[in-house]
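In the part that follows, the structures are each spelled out as structure tokens.
Shared between the two complexes below is chain A, which has chain B as its partner in the first and chain C in the second.
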Partner chain A sequence: MNKESSRRGGPRAALARFLTNERWTQITVPIFCIILTLIVSAVVLLVLGKKPGTAFYSFLAGNGFLQKANYGSGSGMISDFFSFLNIMAPMLLAALAFIFGYRCGLFNIGISGQMLLSGYVATVFIGYSELPGAVARPLVLIVGIIVGGLAGAFIGFLKYRFNIHEVVSTIMVNYIISYVTAFRINLKYIDMISRSSKTISSAARLTFTKVQIAGCNCNIPLGIIIAILAAILVHFVFEKTVFGFELRAVGSNRNAALYTGVNVGKQMISAMMISGMLAGLAGVTYYLGYTNTIIPRELVSMGYDSIATALLGNNSPIGAIFSSVLITIFQNGASYMSSAVGVAKEIASVITGILLLFSACGGYFRRLAANYLRKLADEEEEAKKAAAAMAAEKGGEDK
Partner chain B sequence: MGQEREEYIVEMRHITKRFPGIVANDDVTIQARQGEIYALLGENGAGKSTLMSMLYGMYEPDHGEIYIRGQKVNFRSASDAADANIGMVHQHFKLVENFTVAENITLGIEPMKKGLGIFPYVDLSEASRKIAEMSKSYGLEVDPKAVISDLGVSIRQRVEIMKMLYRQAEILIFDEPTAILTPQEVEYLLKSLEELRKGGKTVILITHKIEEIKKVADRCAILRRGKLIDVLDVRTTSTQEMANLMVGRTVALQTDKSEAKFGDPVLVVKDLSVRNEDKVQVVKDVSFTIRAGEVFAVAGVSGNGQVELADAIAGLVKTEKGSVTLLGKDITNDAIRDRVEEGITYIPEDRQKFGVFLDFNLRSNLALRRYYKEPFSHKGILNFDESQQYAERLIGEYDIRSGQGAKTSLRSMSGGNQQKAIVAREIEQHSPLIIFVQPTRGLDMGAIENIHKQILQERDRGAAILLISLELDEVMGLADTIGVIYNGQLLKIADAGTLSSQEIGRYMMGVTDNE
Partner chain C sequence: MTYINSLITDGLAFALPLFIMAVGGIYSEKSGVTNLAVEGFQGFGAFIGALIATILSLKSGLGGQTIIYIAIAAAFVGGAVYAMLHALLCIYFDADQVISGVVINILGLALTTFLTSQINGVLFGNASNKFVLETSYRFSVPGLSSIPIIGAIFTKVYPFEILILVLGVFFWYLMYKTRYGMRLRACGENPQAVDAAGGNVYKIRFISVMISGGLSGIGGMCIAYSLLVQYSPNIYLGYGYLAIAAMIFGNWNIIPTFFVCIFFGLAKAGGNQLCLVMQLSSLYTNLFMIIPYVLTLVMMIFFSKRNHPPKAAGQPYDKGQR
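The block that comes next holds the complex of A and B.
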């Protein structure tokens, strides 16, 4: 008995309890995954003969969290930090787009396409116009929301009306959007030198470029404020509103939602539409903020990376803020890390890959921990039962 | 002791199998001899299929042992069972639609040949010959070259049987084989079962249809609520006796029922027909009326359309024809939420599938009928204080046990307490019509008694109650009016006092007055 209880208090059991704790599992599991990632990537770096500490430092320095060894003229920590925010904004919005569908039981992998379509429409209609910034920027956001929302609602409608699985339709629609926009750009808007679309007017761009702060040229993204506000809003909708409750109900148990009287079809279309709206916002902050041009026939990988970001953030909008910070640190810091440590830039992708792999296993780790705890409890019970059975059998065998 | 065991080809000893919340098999022992048809009789949920799934290697028993030809076996998968010459025909066939009969039968053990001595290919010509031969000798006509998607259910079933025979199965398990067949096809199947017995095969037949057992089986084990009730010699036992044992009479209901005071009609159902997802008509021209203060109980063997009837009234499935009128208003085509608002509450049969959100906490689950209304929400914003107070009141009044009060996730609660929460939520609506489907399934005696008391309280308040139950005791104990459903039709509607349980049992088997 003593042995049992000592085992129950062992470090493995403590770790298992840490991971399964009802209240904190949303946070403890991702932290566990991140620690595992750091350990494994440290091993990878050591195998390559590099110092993991320096590498991790350079990732942070590359994003303006820590001081680099030296800076070029007109740049500094603060400009690095703003460029980090500049790329993080669309990533967070795209992750929110995925989360919004996912919580309603819909798997939106058409985020790239929705981003491209809204970016394209906003570029053509607002980006190439002569409107002043005070009109153009809000219009860009509105166009992004409307176009993305329509693209999403179309997917939701196909699912509701014709029972076409959203994964299939979004993949197909991605191709259609990619080729149709490429065709239009090549026909009308191509810049013959860069082989991408002509750049937009700076009045329509959501990132204010070359703003002087403390002697540094900073690209200040409007998108990050929108993204953080969107995360808070999505959180509010899910947790505090009737609408969000019904969305989660459909995602959690479609039959029970039907039984409760939720209009399941309407909620699915709404969820897909709002997911598309967020993707649209991600699209305009990417194509009319982070960049100012569209490369034809290229779907940004961010649309897919955002799925992993959402997953790492446990499909919570607030969690997504943190996970998009983390993923962006690795992706955006790659080139500085590469030059500072003298290792191929692609190692950052390897680390992101490891992180995504582990975070995809988050549920598995939790279940593993839960099973381990259950086994401990069962073993204890079995031991008791076996003792009782042994006592009973002794009586029975004589017969 | 070894001698005694070898007499039986299949022996399952003291089998216990638990699933979260229920004991599917509780210390069940069955023994089948070579060359007999051994029937397993019991209502749905009695544990027949679970028991056979263990024999077929799909589950492992928690306790107990399985012996095949006197040898102890430990099946870990269906292929282990197949190696021991055990075959099973499932309720849902496992055939590849666009393959031929011969391809399906040989699937996984395809006869290979080598062209030019090098290139392997599948040669079905000999297999087809063998299949044709076997189908003749067992009276199971199948064309080896026919494509499955062109074949009807009864022929597909023959293919499944041939599949087992081709794999040299000696012990053949049939899970409710007649459920999908027409009476003529049933006759044909029963004849082929006899052919199989003649051929020395052992047949284990899972069913809840007593007439079939009476026709072909040698012995019959009766299961109820996971327990083995009795093993009978079919020839010397009457149909009535078997029916009594199957439905069970051990739980005598002691409900203090006051005199019924009927009011105006609350629910009028007229000529209602419903088709299920497979387009089969499962409710046929059902008409009945429930008055205020009346418990109308629908008795019947599971799978005769009673759940679909309840779903249609609650609006979960579409009606094919007929009308549903609530308090004088036609609600046949109303949305579910409108029906709730107009006064229907529904305690569904499958509580985890329909009744609750396992991932949500108790507070949210208790508020499911109200969250969208004042004061539980205001202009679309949820008011958690209100639902918290409401949940706390219900937890107290209905004695719902949960680890962390209103914040407990439903998943961590026991089945009985989940059901208590559903019943509390629905009764609190104080609706004119309450539909209870299997409200006490899987609950212990105390909880059952509690729910029965609540049903009668609601009736005395003046609610119309539609009670659908597979437990005849429950029906007899609570009903003011009893309707017996068989094959989607209400065969008999009568005052509870005027029907004996034997009569009800007969109607449940589909025997009508004029026979």
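The block that comes next holds the complex of A and C.
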């Protein structure tokens, strides 16, 4: 297609070019999906008789991006913002966990189970100990990484050695973990009043609670720094190392990778192991940071929401930072939005679901746009040919 | 003795809904569409069924047992309609089929939870997240039920168990003995051949996914009636995934899958009964709940190597490919 023709066409063609532009397609398609989602959810809110504008405003206000109508004493925009960061940290780590497996062609659906297991082990061994903060906090992270990594490697081993599909095995392991930890918590660590596990010592907690900033009580999370560092590290591994290249090779064509001498089995196990490590980190930042207790038998929905986050971020670690901001705004702002607008707070999950639905069709939108452009170019070519033929005919008549 | 009897009775009441969900999964995968969405289908189907049942018991004078049959039919329709979304994504939009399955599950849970509280708000004025259902009646076959041990099969039978058996036979016949069934299976192995023979691959796959959703919906509704006696987000207990595991064990064939489901049902009921026999406190039930999942993993270790899933499952059909 020449430059001149690509400039022509109405707004539809402009949209199509916007979506297929090779340099920007990684960003434009997700943005297109987000806009579609906002339109659909605005329609849903209108049908329910609520104002979409107010709803979207309260989503942002609930996360400290905008001013709420009124604040309780000791809280303000900045404390809302820190609580947003506090829940965003495990979300980003969980999304990175999914991305790591997915780039190698593996679906880690067991993130919530791996999170629960590492959170449980870290709670029992470090959270209930008397260790001082300087020792306890690093230990919590190390325990999270080791336990998550082992849980992930187990799944990878089952896949490689026994050909068990990782989706089925992770789900089975999820339920086993949730029942076994529930049994242990109910037996030994239950708090009879809150019906969840006893709270951990504040020295082991990855969130510094009630820090005074500008007159507001803020919960400052360590996790967010770890999460951003992890995103950068994962990006580096994928783009700059041989190991990362081999992982992606296995993910895009297993047979080709095998033929060029990549040890596919080893790569699959290590991909699942690292995915599990990241999930383990997500687990400790969630259970020993965002909350400081574990509700027995409950698998957090974050394990699945992180798949939405990863998909929306085009399975790139840097994209995941932005998409986890967006998804967390919906998830975390839901309760404030619910009280401000009066819609059940489950609407946040519905919006996430719709977003996920559109993201899954991202490739289809791109192809549709490309086909439309090709058709447009063909028509132009036809028109040119016809004009040339007409001109030739005319020339012939003149002679 | 009573332990063994209730083991068989409870085991069957759990195994048969699982079986019909697994048949749903087989229909979709045999036609070449990977189906991880059984969990979402069964939940959505059960939601529609429970909604219809609640409205009917509120507004119409129908008897409770008639409502159960209407609810099961509604669950079939609801599951089938919801499955169209998966079919659209996988067949026409070429989305990754595993991702589409996960999306359907997440969206199903979110939508039904949201709608349940909204509709409860409208119908009853309080936004509770569950529909309370009537308990289904159960019957015992006179004579047969008094035979020792085997008699337990005929004791306290839910009417839906008979329905599921009838449906199971019908859908087995449809898949293995009819022209449509042969084409459906061919779509999962070699869709190009079906196209060459004049079949419409897209249409066959679309219908199969809808059947899959409908059957899963029936399974969900039966579990709502037997296990929970209500509809709530608790319906997403992971039994859809268990059905998928059963399907993989059964090597994507209906008859072996039936026996696997019976085995799962007995294992689950056995765990509960074992807890009772050993007279352990209710704390230990959590520990016995893991039995079906551990058994699944262990059995998969032995059987996964010999599996051969439908060849074309997971790939969108491309007419230009050969």
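Just so we're on the same page, the second predicted complex is superposed on the first by the 365 of 399 C-alpha atoms of A that agree within 3 Å, B and C clash if a C-alpha of one lies under 4 Å from a C-alpha of the other, contacts with A are read in each partner's own complex, and residues count from 1 in each chain.
The rule we apply is simple: contacts are C-beta pairs under 8 Å (C-beta built on N, C-alpha and C of every residue); 3 or more make two chains touch, one makes a residue touch a chain.
Everything quoted here is computed from the prediction, not taken from an experiment.
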*With chain A superposed, do chain B and chain C clash or fit?*
clash
*Using the superposition on chain A described above, determine whether A:Ala42 touches chain B (first), chain C (second), both, or neither.*
neither
*Does chain B (first) or chain C (second) touch A:Ala370, or do both, or does neither?*
neither
*Does chain B (first) or chain C (second) touch A:Ile228, or do both, or does neither?*
neither
*For A:Asn255, is the partner it touches chain B (first), chain C (second), both, or none of the two (neither)?*
first
*Touching A:Thr241 in the superposition: chain B (first), chain C (second), both, neither?*
first
*So, does A:Leu66 touch the first partner chain B, the second partner chain C, both, or neither?*
neither
*More residues of chain A are touched by which chain, chain B or chain C?*
C
*With the two structures laid over each other on chain A, which partner does A:Phe162 touch: chain B (first), chain C (second), both, or neither?*
second
*With the two complexes overlaid, spot the stretch of chain B among 5-13, 77-85 or 419-427 whose C-alpha atoms clash with chain C.*
77-85
*Sort out for me which residues of chain C touch chain A in the complex.*
36, 85, 89, 93-96, 98-100, 102-103, 105-107, 109-111, 113-114, 117-118, 121, 127, 238, 241, 244-245, 248, 283-284, 286-287, 289-290, 293-294, 296-297, 300-301, 304-305, 307
*Which positions of chain A touch chain B when the two form their complex?*
22, 240-243, 245-246, 248-249, 252-253, 255-256, 258-263
*Taking the complex as given, what residues does chain B use to touch chain A?*
314, 316, 335-337, 340, 346, 348, 353-360, 364, 368-369, 371-372, 377, 380-382, 409
_Residue numbers on chain A that touch chain C, as the complex places them_ = 48, 107, 109, 158, 162-165, 167-169, 171-176, 179-180, 182-183, 186-187, 296-297, 304-305, 307-308, 311, 344, 346-347, 349-350, 352-354, 356-357, 360-361, 363-364, 367
